[in-house]
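You will see two complexes here that share subunit A, one where it goes with subunit B and one where it goes with subunit C.
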Partner chain A sequence: MSVAPKREDYDVVVIGAGPAGLAATATSAEAGLTTLLLDENIGPGGQVFRAISSTPVTDRNQLGADYWVGADLVQALRASNAEVIHRATVWSLDRNLDIAVSTGGASAFVKAKRVILATGALERPFPIPGWTLPGVMTAGAAQTMLKSSGLVPDGRTVIAGQGPLLWLLAAQILRLGGRIDRILDTTERRNYFAALPHAFAFLTSPYFTKGLVMMREVKAKVQVVSGVTELSASGEGQLASVSYVAGGKRETIPADLLLLHQGVVPNVNLAMAAGIEHRWDDLQLCWSPVLDAGGNSSVAGIAVAGDGAGIGGANAAVVRGRIAARAAVEALAPAAAAKLATMAALRSDLAKAERGRPFLDTLFRPASQFRIPSDDTIVCRCEEVTAKDVLDSVAIGATGPNQLKAYRRTGMGPCQGRLCGLTVTELMAQARGKTPQEIGYYRLRAPVKPITLAELAAVPKTEDDVKAVVRG
Partner chain B sequence: MNVDAIVVGGGIHGCSTALHLCLAGLKPVLIEKDYAGRHASGVNAGGVRQLARHIPEIPLSIRSMGIWEKINDLLDDDCSFESYGQVLVAENEEELAVCRARVAELNALGFTHEELIDAAELRCLVPAVAETCPGGVVSRRDGAANPAQTTTAFRRKAQQLGAIVREGVAASHIRYSNGLWHVDAGMETFAAPVLVNAAGAWAGKIAADLGEPVPVETVAPMLMITSRVPHFIDPVVILRGRKLSFKQFKNGTVLIGGGHLATPYQDRNETVLDWKSLATSAQTVFELFPVMRSATIVRAWAGIEAKMKDDIPVFGPSSRHKGLYHQFGFSLHGFQLGPGAGAVMAELIVNGGTQTRISDLGIDRFHPSAF
Partner chain C sequence: MFRRSEQDRRPQVQIFVDGVAVAARQGDTVSAALLASGRDARRSTAVSGAPRLPYCMMGVCFDCLVTIDGVGNRQGCLVPVAEGMQVEIQKGRREIGR
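Moving on, here comes the complex of A and B:
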């Protein structure tokens, strides 16, 4: 494994080594294109197959058969000629397909003829009262520790929220001997009815049986409270208790750890900073890039695959990765495309992988009170801006997230709005009686991940700059 | 709709002019294609600087400084303005000699805001500066403000005082008939005896379409901001010989600028950054301020603005058309001038003249007056 990129120019640069990125890289490299895969983690797999080649959890049943699918994808990648760099943070991509990447404390610039963004998903913010207390963390963070180090909670643990990942995590924690005191299910009751029309497709999808088995496994061991309509965490400088309302009744239980999760949303940070057009997805309640059937974005040469293109799950991500890579091969080396699976076959695979998705999206559409906070609940963690602060600014003329910066420092801290963006958009949309599409999103800019001044200072200069300094 | 004046452009200049017209009892409309402060006015370095200005614009800058110092009285908003001075650092004796000559020239013209300082005074004002710097120039009343907050505050105050503000619609089909300027904005048409062209990077085209082309280009100076670092510097620091300016805010974040340029894509409201040039700025900061080495860069950006070939703005009445006024081309240093320029522009419109000397800034320097 190399540290810095070996070349300055590549046919294809793939960003992210999750399901979509692994599949895209292998496909592109097999077709003979010079292909570079840049990934932030220490090994391949992304989130869903995290630590696939290094996890200490060797009993295959504990992480489940779906997890181990990742091993085949890694094998295909290793069999190809692709150049792979891990611990590589891509911090800038622009419409000229210039990529800035930080590896081992130094930055390098590479240029691509095609870029495939496979930056995956992020957990949706879950801004309830007390969510910034130590002791409250996301289910995804807990799963990261579980997969990479086999760590599970042993204190009084409450899991709250909804969605497939929540049940998967609960099952994995229990299989590894961890403790869960209670699961608070925030799925809205009306969602069950709304999802009914999609139920047939779901019943015939692979999600159904697996999901049912997993939920049954968890419910046999843990008290599950459904229909939770209010949720808050409290404690003095540290989580002490979780309070909730279900069926109109409030209950408060002591807790050392609260794991929150209400689904994932596309990680659009790099795509937006590159200038790719996005649209608000009203079903998935998030921004998704505007793409054609080949995964191509509004910026020539950049495609988006996997959950970053709209949440579709790991199986769909693999197919979307192959579709984007095939589109790149068709554009750069048409003759080589003949060896690959046809677009028609890939589209049919994708339809199969996406079956059941509308059911999940509808059933697990998070309730507005858990997405749009009120009063003193923190919205922007970096600058400690509350929902009330945002509403006060709207009342005196702030019209959107970017304009809000003239009133409050929301989105101007270290995370640059990457964590609070969705909350701010939906909160302002609700306050102004507009759609999120009309309200818009923060203008995201590079560096998409912070880099140190020392690292930037070490970047090689342009000739003009060298001359300017010499001239004094 | 008939109004007293149509101001095209919702940057700090357009907003300030609209506000000052309201104060003079007029009813203006402000038309902004995006939103007030969307471009250069909202995303510049926020420097409130009289230091190192071109001589023709110094009177306007001094006029503006007086308004900045009472900005809260004008706007009911402090604009986060703070005044710790601005310091120009000479890195060697040759640069210091240039500084000495400059201060002498200003003094001869009667301007006293720039003072020559020696190495000891420099170290006192900017303790973190490298030991080898022999001195520089200070302008003690200078400082910095939050540009988005400031431009928004001007827009808001103008609106409160009766200005009609139209954001998100471009001014189009600008024409003159029967003694009135007519401008379309979305579904509406406004008519007024006065038209102010304060459209920033888009103003050159308006001027050219009205028969007054000027040598102007669109540029996008880059800036970057760091995470919080311990307080180490108060004044804004500018290097005499290298492209660097530097400001630490109260919250500890440090803004690094200096005029390296991004590529503007004006029609798309977009800029593409040049990281290799930003690396040059980072290198300079790395050398001069070791305390900054481990700070992280959290954002870099560039605003889109108009730069004149001679680096001084186009300010004052048209040389061809009655009722037309230009206020653009501030060439990377228009933010501090905004409050004063709005006040002076309102005087030109309402009184037909001003006490502030602006005669070298007119568009007639490119076109002999037709009047």
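Moving on, here comes the complex of A and C:
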């Protein structure tokens, strides 16, 4: 069962137990700082190393060597004296480094001298017609079930989109004996030319050989259609078919499961709610926090590490976690920093881990028709708002995502904009002839995940707290 | 839609979905257990009543919302199954008090 934090004050609180969070926590605790790791999931690993301590997939070749690297990070964490709490949902972080966390239905409050946000990434919204139908999921969702429960697709399965994760997932499904009927590759042909200037760095990075071997493995077993320019899902209350256009020719195939993927983007909700400045990244087409070389954000004491700092992949995330932790140690216990890897060594590790990334970002830059939908395609899944609804609101005066809330409630459902925010920004930017940076993003606030009123009401209150709101 | 790998040797856990016993495995999330069960686990949305199943399985999309042991709007993809757990598929809006 979930437990509350043991202390009220920590030197360092790390949020998220993926590659960056695991590395940051172990580094900070090894240097003797009181360190607390808070994570929303059942066990350590984040998404890339999901269920690393509990997966029923015991044949190590099936998930691949890159996955099992996570076991070493968990071992280093367990060898340290860091306090680790899973199933802990951080719902507030502010400029005073006060943290509110919900564990087992009750909230606790802790204060940190430094906070390292390692909240990672989520899959970029893929708003095509029919993407809310039961039977349409993200590729990451299928991979989560595969790693944590050994579940593989069984019915007629189509995978559509682009990016390294798509091929990795396809290979893993096939290795576990799952079914894939067709892969629809949406990579734009012109991206291959655009990516050429970055090809040398990529060819000499570890991504290249691994990627090539994996694509060959998949293509030997599954029909792959490349150059897909249109995509939609249809069915009555349940996915029945997938329709696509490739090379100017439309085809419709029956399907029980459609897995979508067009890359990952930083999960910005907690960082933005803490007041951290973000900027639109024109290459990665997402919001990324403004950080210095030590990972420090615009809010004093809060660093961001891992894919939440801009997409860099798992290896870069580990190094960024160590860099942020080392920066915290230098600030709080300079003498202890001597026993850690030097900043120069870490920077060189990071450059190595980031090699090949601009090539991937350019090659797998998603096409505008898969990011900016039209007509009746749903943009906001929670409030069921379509692209046309958004454009109609712009026509009568909505200027940006925050005004749009008053017109259409976009971003005000339980997901708090996680699945519509980027789409709304880009759609409004296009409609108003402005840049995404000018249009901006939702103003995010605590609680960044929903909690019950009962839980809020049960929070301990001082007499002054009560006086501040009670009349008379 | 999904089936279990033969190498999965985890112990069984019994949960109840709308009162019907469903076999899950230790370490499954509620959402994974529902999808593995082959049952119709579609909820319907509060806004239009449209049917939905989990989309992201990682805690961000909220399409996995279920009532667990009497508490509504829980993210089924973040909650591990427990022996005897009572899961209800949500149809439409939640009522006050749950």
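To be clear about the criterion, the second predicted complex is superposed on the first by the 461 of 472 C-alpha atoms of A that agree within 3 Å, B and C clash if a C-alpha of one lies under 4 Å from a C-alpha of the other, contacts with A are read in each partner's own complex, and residues count from 1 in each chain.
Basically, contacts are C-beta pairs under 8 Å (C-beta built on N, C-alpha and C of every residue); 3 or more make two chains touch, one makes a residue touch a chain.
This one's a predicted model, so the numbers in the text were calculated from it and none came from an experiment.
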With both complexes overlaid on chain A, does A:92 touch subunit B (first), subunit C (second), both or neither? first
Between subunit B and subunit C, more extensive residue contact with subunit A: C
Can A:79 be said to touch subunit B (first), subunit C (second), both, or neither? neither
So in the superposed three-chain picture, is A:381 touching just subunit B, just subunit C, both, or none of them (first/second/both/neither)? second
Taking the superposition on A as described, I'd like to know which of subunit B and subunit C A:275 touches: first, second, both or neither. first
Output check: A:414 vs subunit B and subunit C. Expected answer is one of first, second, both, neither. What do you get? both
Looking at the overlay, what does A:450 touch: subunit B (first), subunit C (second), both, or neither? both
Which holds for A:56: it touches subunit B only (first), subunit C only (second), both, or neither? second
Kindly classify A:150 by the partners it touches after superposition: subunit B alone (first), subunit C alone (second), both, or neither? second
If we overlay the two complexes on their shared chain A, which of subunit B and subunit C does A:106 touch? Say first, second, both or neither. neither
Let me check the overlay on chain A: which residues of subunit A are in contact with subunit B and also with subunit C? 413-414, 450, 452
Where on subunit B does subunit A make contact in their complex? 35, 37-38, 42, 146, 148-149, 151-152, 156, 167, 226-227, 241-243, 251, 268, 270, 272-280, 282-283, 285-286, 292-301
Mind listing the subunit C positions that touch subunit A in their complex? 1-5, 7-10, 25, 27-29, 32-33, 35-36, 42, 45, 47-48, 50-63, 65, 71, 73, 77-78, 80
In the complex, subunit A touches subunit B at residues 92, 94-96, 100, 109, 275, 396-397, 399-400, 402-403, 405-407, 409, 412-414, 416, 445-447, 450-454, 456-462, 465, 468-469, 472
In the complex, subunit A touches subunit C at residues 40-42, 47, 51, 54, 56-59, 87, 105, 122-123, 132, 134-138, 140-142, 144-145, 148-155, 176-178, 237-238, 256-257, 267, 381-384, 413-415, 418-419, 450, 452
